[in-house]
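One structure is given here, and the rest of the page talks about it.
Read from first to last, the chains carry the letters A, B, C and D; within each, the first residue is number 1.
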């Protein structure tokens, strides 16, 4: 999406790859074309912070940070329409930690913007970059709620405790601890508000330039949920030497929810 | 459990560690003392094979292999009684692949014996060795069934497909693919039959000796289940240069089931 | 580099990020701008194969496959000019397996083209995609030669044995075993021949389109070497369900070399 | 090494396994019998601390802590006498972080005692427990010095900078930064002083008991070195919720050295 990309290109070659490597079969492409189906278990913790701290993180065209946001710890299963990834689940499963910040769009509407996200599988990393989710590799852990009455099961009832953590390059960045209240919860963060991201690619033939950006939001097809379960939560952010998310140091947890959701993404639109 | 251990020992020191490192707080011990609570999601695939092939894998005192067994792919959450591991789930969660073989005990009774098991966390590895589960590190992937009607959710209903795999030192050893039938399933393998294991530790002061072994079985307290869901399944075993489980090459899948179970282990008894 | 990128863009925002996430500091960008310094230990094994098998892997504009290639197993250390990554080496070190195939360019010259490469760090993955190295995540292991006369050191002398392996999503793809001859070796593969790659990014706003590609080759600055050490080698390729490199099944190892090399990349040029 | 191990055992069975799993071939045993050959690159940083803080970490029979110690960051290659692990290096290579504390033995002599160590491979983990190295899994990174004059090579000369880190369960515990002085260095820590460890195994049939311990030191055969290279260093210890090594908080780096060493261990003796 750099202006240099308007220069002449390789003569057309009927490769079938959506992303590299570019082969005629397309079979090896890291990311297949959409639609992409995702289903997962999430712990969502909303937070407030000094809005001014987020200015370096959000392009003005995306909006003005309002001082609220959400971190989502997610344990996903994803597949393409034939579902074959579910038969070899190393291709389907990943965990990630997503940060979204609430913004006021230039037109006065509200949206979420994603300034940071970390995942543990390459497929999801590149699939995310294409959607404006600025993914890097990170290690997410997230307690699951199992349908059992047992001390290790964290069942969906008042008093069950859940934990979550994110580490980036061997350093903890986020830690959350939550206790289910037994009440219904809310669709926090990107689950309840349209979310936009920035896409851009540098061109190594002009290495002194920074990429120009396009703002996009996902085109979402099917969406199903199990209902959200409310929780009280604590959230700790530890600044990291190479992660700007540390600028939000001092954030304060607001409310939390946990549950399952299924989403299908068919592409993106301008935001 | 080597005879050399009957020689004089270190004067008693009131350390509180159940396993190394041995400190007075016991806080750093890799494994805390039981009880240990486990809850997880499992895919179980029973199989048959030429019984003679298992002779090198099973101590005669454990029993005579009968030519049947089960592989369990498990996605666990475990904790001690205070449940704190669930608040920092890197301490609680692990995945493993368990192989058990049916034997006729010397007294004519039936049992399962565990000749091989691979896990992805150190805590579980050493906790297993203490119980006679001969754990090594391996990478297990296992499709989860989520309570959603969505293409990536593999919900608990007829036709949902699940996959599982084990790799050891970067080589695939087991792969299974299953399709839920919508019918109730059975408690296969270690889930339905008492299971014994061999415990022994070499003494480096006598490095030419092999350890003498004790046969034990777990002392199980609480046990809860969600009911098993039947599946048809295929199972593939690929021989591995350093894994004797390859001796079972040619095994044939019989029946399969999936579901959640919670177990509490309070120690072990002679088997 | 898709034609859609010629449409209007986000108003300029003075972010400093070379890649996502796009922040004004640029500190969090997964990849900093070049120059990039690389130094590493490599085992290189050249091979021959039926040239026709590579047609699906190589864009005609890159050239016509000639039936020869090289696999490089590499253990790298990389940094930016201030060298700070060497003080926190999780940011600097990675291992990768590189495949290059010899092609005759449309102008009759010879070059290498990279159809596949797997690495174990996110920084290198995206940095590679920008250069036309179609990186995905994989697990590479590579014996190192240490300057010691010891059975575990594999010192640089005749008879020392080295091994290497690549696994992708828990399956072995390449395995090599080499024995040093004590003679000088050659700069094989990308080490001795200019190497080109294909760069392209899909645009999710037009998800039915495949990206148009640009062919580039790196602009290399400093380059230093320790001299190559010849080896005899075996090479085994195991087809993988999602990797087109399996099309080269039946390849035959030719010659091998090992040694250290340092390279500095300052950008890319059209190829 | 628990007293319970003096009770009757399983009738002898001619298994050949040094450690679990116990099969007649012994091929699958996680740890083969010694001798074990190790060769590696190490960064050693000695430190001082308030001696009283180490009392909970050191059995009195091992000695009285003197307030000095050393942390070693090591990048090893290990093999058995046939060297086959070097041909499949996932079996040979691992990284670890070793802490040793200087003690005055009851007889007045000086020794080192190992209260904590973290490694990234199962083979080394269990092999260490047998030697009284209380290994758990941890992630170690360590800059390597390559024989090149290049910005990413950290060659062995004055001014080259090296970094190292340890993370345990996704939390940084140790970080070191070193600058080579160009002068010869010293054999610090376990490299220059006999080192003892505590071995013990709980018996799950008596789960309320803590294991009695034996103190051992390795029987070392061959030992070769490349000479140590002196460095100045900083060392940071961050307390960790489950690691008693945090008791040494406030430690101060003294001197540092880096280099290669090869060692062969043939067993252990009482210490």
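Keep this in mind: contacts are C-beta pairs under 8 Å (C-beta built on N, C-alpha and C of every residue); 3 or more make two chains touch, one makes a residue touch a chain.
From a predicted model like this one, the values you see are computed outputs, not experimental measurements.
Where chain A touches chain B, the two copies mostly use the same residue numbers: shared numbers make up over half of all numbers in play.
Simply put, of A-C and A-D, more C-beta pairs touch at A-C. Taking the mean of the C-alpha atoms as each chain's centre, chain A and chain D sit 39 Å apart. Distance from the chain A centre to the chain B centre is 34 Å, each centre being the mean of its Cα atoms. A separation of 29 Å divides the Cα centre of chain A from that of chain C. Shown for chain B are the residues that touch two or more other chains, namely 88, 90, 139, 141, 165, 170.
In terms of inter-chain touching, the protein chains here all touch one another pairwise.
Against chain C, in their complex, chain A makes its touches with residues 1-3, 5-6, 9-13, 15-25, 27-28, 30, 33-34, 55-57, 59-61, 88, 90-91, 115-116, 121-122, 125-126, 129-131, 134-137, 169-170, 198-208, 210-216, 241-245, 266-270. Chain B meets chain A in the complex at residues 37-41, 76-79, 81, 83, 86-90, 92-93, 139, 141-144, 146-154, 161-165, 175, 177, 222, 224-226, 260-262, 264. Residue ranges on chain A touching chain D, taken from their complex, read 139, 141, 165, 167, 170-172.
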